[in-house]
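Two complexes, one shared chain (chain A), two partners (chain B, chain C).
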Partner chain A sequence: MNLSRITDAIDHWTERRARGIARGSSRRGWLKAFGGALVGGAVLPLLPVARAQAASGVPAATGVPEEGDPESCGYWRYCAIDGFLCSCCGGSENACPPGTEMSPITWIGTCRNPADGKSYVISYNDCCGRTGCGQCLCNRNEGDLPMYVPPKNNDINWCLGTQTAVYHCSTAIIIAQGMD
Partner chain B sequence: MKDWLTKGTWLGGVAAGLAMSAAAAEFAAEPTNVNLSLPPAYPDHWLVVHDAAFFHMREGRYLFVDPQADTVGGQVRGLLSADFIAHYEQGAARGEHYVIESFFSRGGRGGERTDVVTIYDAENLAVSGEIIIPPRKLSSMPERSATALVEGDKLLVVYNFTPGQSLTVVDLEKREFVAEHGIAGCSLAIPTGNSAVTSLCSDGAFLTTTLSDGGASAASVRSAAVFADESDPMFEKAGITGGVAYFPTFKGDVLPVDLSGDAAVPGERWPLASAEEKAAGWRPGGWQLVAADHLGHLYVLMNPNGTDGSHKDGGGEVWVFNAAAKERIMRIPLPNWGISVGVSNAEQPLLVVTNGELQLETYSTATGELDKTLAVSTQTPFIVRGVQ
Partner chain C sequence: MRIWALLALALAAASPAAEGAEVNADRARVNYMLNCQGCHLPDGSGVGDIPQMRNFVGNFLKVPGGRAFLVQVPGSANAALSDAALAELLNWMLLEISAAQLPEDFRPYTADEVGQYRAAPLSDVNAVRLPLIQKIALLTGQ
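Now for the complex of A and B:
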């Protein structure tokens, strides 16, 4: 689901809500409304490496092949993300938008890279100090654990250790190879 | 008398005045500066809807909703502001509402953070006071168990996460911060017994913190590690009825924990779904995926296509259980999917489902039939509960 599609979905949802005629929704409606792409992500075509690199503005981690669209909730690194994608907010999948501050404390997930079939540890550092980005909301929960296991929970606002706790968006940074 | 006010115009003015007086006998201007109030005791079928406004976190709100009304004007009875995904407690005996919220001195770009317990009068919904607390309260998606009232609603307990973990204690009668107690490795605060709260620890144990000396002192008791199995994690959310908290697990069991005494006493897991149903894919799922009513019934959102990672996706049915008997008594199909469930405190409770379009639907708990989709418009109503 790219930026325009999710924006359209939210606009559509808002419009229907405003007119008070929303009916016949479904799980897919929930995904549309709140940005998840557990289903959509699996069926969206994966874009070539060049697209990911071009979109990021920051080179992918050295030696890690890439494919997929960082503006899509189905992008492989986002397997345990919950928040607005920084790739849709003036940042990238591994860098914060201008004027924001990256949280040094975060939660992690382990995602499988379709480009090489290997697993990587992903650090979902939040970017902080501007009001919520509001674009490309994405919620996926592979390996997510309840809030009593904070390092593996994506429900917490991880704008901690930053100048302010105001949440803006979330990144997905490769920090290690997984245990395949 | 001024030049412009001639005798003629004066007479004309008198005539007009007389005419207005005659009309006045039939007309009375409406008064201004009138505010409506709510009844001292809210009808027990009313709901408290937390619209966290995820896309505009500093504009959250708690709405008091009458689900029996048919129009939005009839349904919305009033609301409270709730800044930056707040927490909420109702002090019914004291006639107050408490919103535990964070403010930033420079708004959307931050600045100094101030955490506040905002006290609202329950009848006129005016702010009757506020208590400044340490700026460490949990900031997260909405969590019902982030705060708790104990000692007959005298003390408010607030869970802090910085990521250091602690409990703030507030005296609501004196309206003052009392103390902060560490609970390293443990999360949240669920009322337990008369003067304690229970937290969930990362090693799978329950930690009960008992307050004394007006909240200034605390002693803790830790249970055995009973939910440490990461192959089937226990949700941190529970339906609480009869002093027992029922925690569903990702794969379809439920762990009862007796919270009526001085410390949490875990019971034995029992299955929400049969082995066949589990094999077919039925699993609990959603945001506030579980609720319980005063009749001892447990409501769990169930996903027919559950898999690893589906635990927040929501569900296509609500399964209703007699919790004490460990028996399923009803399956309620949801035509529009479900993300969260809540129940009212009415004599015959009303089930409320946040559906896949983030609308609120009400269902009869007697028949399971869909009653209506509420007209009230909200953005992200993830937690609904009944008023007390």
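Now for the complex of A and C:
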């Protein structure tokens, strides 16, 4: 007896709230708010990364024809890479994952783009500040020279000039067209 | 026969590479990217222990020994570049990032000159660099 009275009260209260919400809102309004949260959530973590990339002075190249999968070690830009691919670690071939800092000091090489047959200068900026990503280890090393030529060696940790020297993953940013 | 000899003469005369004065800016820039920029940064501003070259490196040509020093530092002397390519890179870089600091009588490096300097690389860079920096400081008041 008492119990049914209580459940009835809950039913009435729930119904009133539900009708109130239905009157005061629309499904499109909800979509708008949810969409805003989604886009905001996607943009917010990028902000420090975008700042780091600006600080590193690496302009992203535009208009370069592309082919291949940036999450695969065979992707053309990775010809001289040695490390974890940021594309597999929550970042991309151009940007660090959220929570990491792009090293301004970097290992630079050239790779031939199969899409247009031209060579491009690639900057393998490391992303630093979190422990090793552990995904998509890629070690191709074209143009890599021994350790006694440090500027042309990719076995050393290039997390230099960053807040910490902890290596997380590597990007592969086109910075120029090479001399063919 | 004679025309070939004339052509060869004309080519030799027209080739400024022998004097080290030719600068192909695109090639020099790519060589800078591949051999210098990784540490000195795209604009030569340096970071941390990496010396600032932008708006400074031209000062070395104002003090005795500075002209040789810029070729003898490990980054220059050990670069995987021919003497001509290194001369071109240095000449391009000096004008690109430090033109205001160059002496008025600035002469571009020649390939031969670069070859001679890099044959005597430095074993203790800082021991040579410090007195040069002090002379520059006296000269420029910086």
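Here is the rule we go by: the second predicted complex is superposed on the first by the 120 of 180 C-alpha atoms of A that agree within 3 Å, B and C clash if a C-alpha of one lies under 4 Å from a C-alpha of the other, contacts with A are read in each partner's own complex, and residues count from 1 in each chain.
Everything below uses one rule, namely that a residue touches a chain if its C-beta (ideal position, glycine included) is under 8 Å from a C-beta of that chain, and two chains touch if they have at least 3 such contacts.
Quick caveat: nothing in here was measured; it's all calculated off a predicted structure.
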*Quick one: classify A:Ile175 as touching chain B (first), chain C (second), both or neither.*
second
*Touch check for A:Thr164: first (chain B), second (chain C), both, or neither?*
first
*Using the touch definition from the top, say if A:Val64 reaches chain B (first), chain C (second), both or neither.*
neither
*After lining up the shared chain so the two structures overlap, which partner does A:Gly129 touch, if you call chain B first and chain C second: first, second, both or neither?*
first
*asked:* For A:Asp144 in the superposed arrangement: first (chain B), second (chain C), both or neither?
replied: first
*Kindly classify A:Ile156 by the partners it touches after superposition: chain B alone (first), chain C alone (second), both, or neither?*
first
_Which partner chains sit in contact with A:Val121 here, chain B, chain C, both or neither? Use first/second/both/neither._
second
*Once the structures are superposed on A, label A:Thr110 by its partner contacts, choosing first (chain B), second (chain C), both or neither.*
second
*Is the number of chain A residues in contact higher for chain B or for chain C?*
B
*Shared contact residues on chain A for chain B and chain C?*
105, 145, 149, 160
_Looking at the complex, which residues from chain B come into contact with chain A?_
54-58, 84-85, 102, 104, 107-111, 113, 138-141, 143, 161-163, 186-188, 199-202, 230, 233-236, 308-314, 316, 335-337, 339, 355-359, 373, 375, 377, 380
*Residues of chain C touching chain A in the complex*: 26-27, 29-30, 33-35, 37-39, 41-43, 47-48, 50, 75, 78-80
*In the complex with chain C, residue positions of chain A that touch it*: 57-58, 104-110, 121, 123, 145, 149, 151-152, 160-161, 175-176, 178-179
*Can you list the residues on chain A that touch chain B in the complex?*
10, 13, 16-18, 20, 22-31, 33-34, 36, 38, 79, 82, 105, 128-132, 134, 137, 139-150, 155-157, 159-160, 163-167
